[in-house]
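Chain IDs A, B, C and D follow the sequence of writing; residue 1 opens each chain.
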Amino acid sequence: MPQNKIKVLDNGYVALVDCMGMDKAVIEAARRCYMSEPQGEDAAAAADAKLVRHLILKDHGTPFEHAYFRFDVKCPIFVARQWIRHRIGTYNEMSLRYCLAKRDYYTPSSLTGEALEKYKKSVNEAFDTYETLVASGIKREQARGVLPLSLYTLYYWTVNARSLMNFLKLRLDKAAQAEIREYAEALLEIFKEKMPVTAKAFEEKMKPKE
Amino acid sequence: MPQNKIKVLDNGYVALVDCMGMDKAVIEAARRCYMSEPQGEDAAAAADAKLVRHLILKDHGTPFEHAYFRFDVKCPIFVARQWIRHRIGTYNEMSLRYCLAKRDYYTPSSLTGEALEKYKKSVNEAFDTYETLVASGIKREQARGVLPLSLYTLYYWTVNARSLMNFLKLRLDKAAQAEIREYAEALLEIFKEKMPVTAKAFEEKMKPKE
Amino acid sequence: MPQNKIKVLDNGYVALVDCMGMDKAVIEAARRCYMSEPQGEDAAAAADAKLVRHLILKDHGTPFEHAYFRFDVKCPIFVARQWIRHRIGTYNEMSLRYCLAKRDYYTPSSLTGEALEKYKKSVNEAFDTYETLVASGIKREQARGVLPLSLYTLYYWTVNARSLMNFLKLRLDKAAQAEIREYAEALLEIFKEKMPVTAKAFEEKMKPKE
Amino acid sequence: MPQNKIKVLDNGYVALVDCMGMDKAVIEAARRCYMSEPQGEDAAAAADAKLVRHLILKDHGTPFEHAYFRFDVKCPIFVARQWIRHRIGTYNEMSLRYCLAKRDYYTPSSLTGEALEKYKKSVNEAFDTYETLVASGIKREQARGVLPLSLYTLYYWTVNARSLMNFLKLRLDKAAQAEIREYAEALLEIFKEKMPVTAKAFEEKMKPKE
């Protein structure tokens, strides 16, 4: 059922589950301010694109809050911790108080040879310990103290186009960590497909001036 | 195109333009926490209703933020001023800086006889003055200083089910002003049609204990 | 008790009631990220100013959310309606459901001669009608329907430095209505006195490039 | 300089750094609505307490948003992940992209004997691996993938009294995890000292009906 499921990192993904409004809602909201109506179909499309470009350039953000996305996300915990700093949006995440953690973790592709071996050994021993502790009757919520930050987690994320563009601006930036940048690229792809007019104006604005 | 347009007061309305997720998104979000899946179709419907009732009773609000509505609203300015106090949501309103105000205002049905006459006379003279001032070259944004609080305004309102339920709780209350209560009742009607499971649990909770 | 009360328009004001954190909290919050400590007092002041400039330039907004202001504001209703669109902040406003409106309204200084007379006459007749309706037993909350948008209202506004800078950016802009621009200028004055380091960096960024 | 530093868990703490407004701001904000003034000092104190109790009982939340706290917090990452779900508030946290993690982690006091040994061994091996990886040139932001969820982190948290009470309501509840409950108790202690009138009304409402 999820549309546009995109694989990210070694075992994560981003999938679009729902969306609402898109470019149309942005344009309707912006036109409400002036109570204006475009004439003719071709003229309308050109006028709409121009209006959206103007909103993006002038940082008029509210019209973009009428377009909503719901994503299904699977990412490592350390990525989730960066993600959730974006407070304008809704998260429902699987809970390690109630669910038993699976041995499903992220390994950076940059690790090779001895470093890779050490990384995997350490993480696997952490899972071994977790499983032993849980089996011996320690609560899941406490046993998880040994689990690694590379553990994959899952959540639904509902976000409007304004907050999404803010996420993309910060997380596509070369200063962002490579891992979350990969998620941002997957989100950008879905954004471009679903809101082509807005995404085009957004990308024009983001493009570094030469 | 707007579905479910409902007339409110003498000349206002509420109309549903868009929606996303509804009961299904709430249930999926809540289940994500436990990574649980219901078995069998009938069992599922009963289990879903029970889950939603539990969320409502325990005030677990986030799952309801995955369901979104976009409404088109026409209401008097004094109602809009109460409405916009609800900050979790998006508003795009027609602007009296750019649009010329129409002689379209609210008259309380409780007014009769002399009171009604005085009310209408006062409001109409305000519009007369406004029109004269604008015609004489005064800016619309300044001439509006004479316009009455009963003037109708128009906006799009995008809101999630959690924030909508908070609005309904406060604005269906007998302590709320009668005018906004009428809008709340129109919104409740749409809410019940679109999110029957959630609305049922909400109404059960709201019902005064006997 | 309110510090820094500044008169605005013909009969409005802005006054600082409370503040918290200011430049110091911003710097502490930003340094927390790196767990860094400055050395030596002069070096520290220079390093702090550089850090704040960097945050402003790069749009790193969260550290500025640790600095808070509480303002007492008196402004015309049509200005309050623009103001309250800024949703990140808290408003508590006098209510015309419970309070009797005073004959206290804004008159644009640009109005002269006949236009001024018409404006005042219209507004005063509206107050006359309001008072008659209330005296005859009509509820205040309904009688207010005749009151003009130029009526002064009062509220407390609590806002963090990030949201305040966003307000200033939009409302000091030449595209903003002159009336709210005057309020923004009063707020800027207080902001500069209370957060000199941040305000300096903010003004540098806002200055149009030549 | 931090006032009221309270030790929590084996190596964490909560400390009040700044505060603004407190009970006084709540009362002023609530009275603004009615433009009312209390008479006489004793009468005032009793009237204020009654007003605050009324606001708490009726869930009138906005007046409490004029009172702000800034806390310095040290807690395990798995606690921070629950905490940060409270989106109405500001967080600035130390970053493991820039800072080297210290061997500073939480050990549940319920662990004893073999379980305790396994837990400590696993966590210490994770730190060993982290340090080896970093020493061999792996980026801190990637090496942290092996670090345990029990690692202590540090942040500033700025929050208003309304959002703090929501935190307390949820995190003092017996359904909350014991670890975050201990933080909630420390916060409650500070809250009671700084906002005695509000805290008293809050505790009365929270008390289970018998």
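Everything below uses one rule, namely that a contact is a pair of C-beta atoms (placed from the backbone, for glycine too) under 8 Å apart; a residue touches a chain by one contact, two chains touch by 3 or more.
Every value quoted in this text rests on a predicted model; they were computed, and no experiment measured them.
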Along the graph of touching chains, what's the shortest path length in steps from chain A to chain D? 1
Compared with chain B, which chain's mean CA position is the farthest off? D
Cα centroid separation between chain C and chain D, in whole Å? 30
Taking each chain's centre as the mean position of its Cα atoms, how many Å separate chain A from chain C? 34
How many angstrom between the C-alpha centroids of chain C and chain B? 27
Among all residues of chain C, which ones touch two or more of the remaining chains? 62, 85, 91
The residues of chain D that touch chain C in their complex are 17-21, 25, 28-30, 32-35, 62-63, 65-66, 68, 70, 90-95, 98-99, 154-156, 158, 160
So in the complex, the part of chain D that touches chain A is made up of which residues? 76-78, 81, 84-85, 87-88, 91, 96-97, 105-108, 110-111, 114-115, 118-119, 121-123, 125-126, 128-130, 132-133, 136, 138, 141-142, 144-150, 177
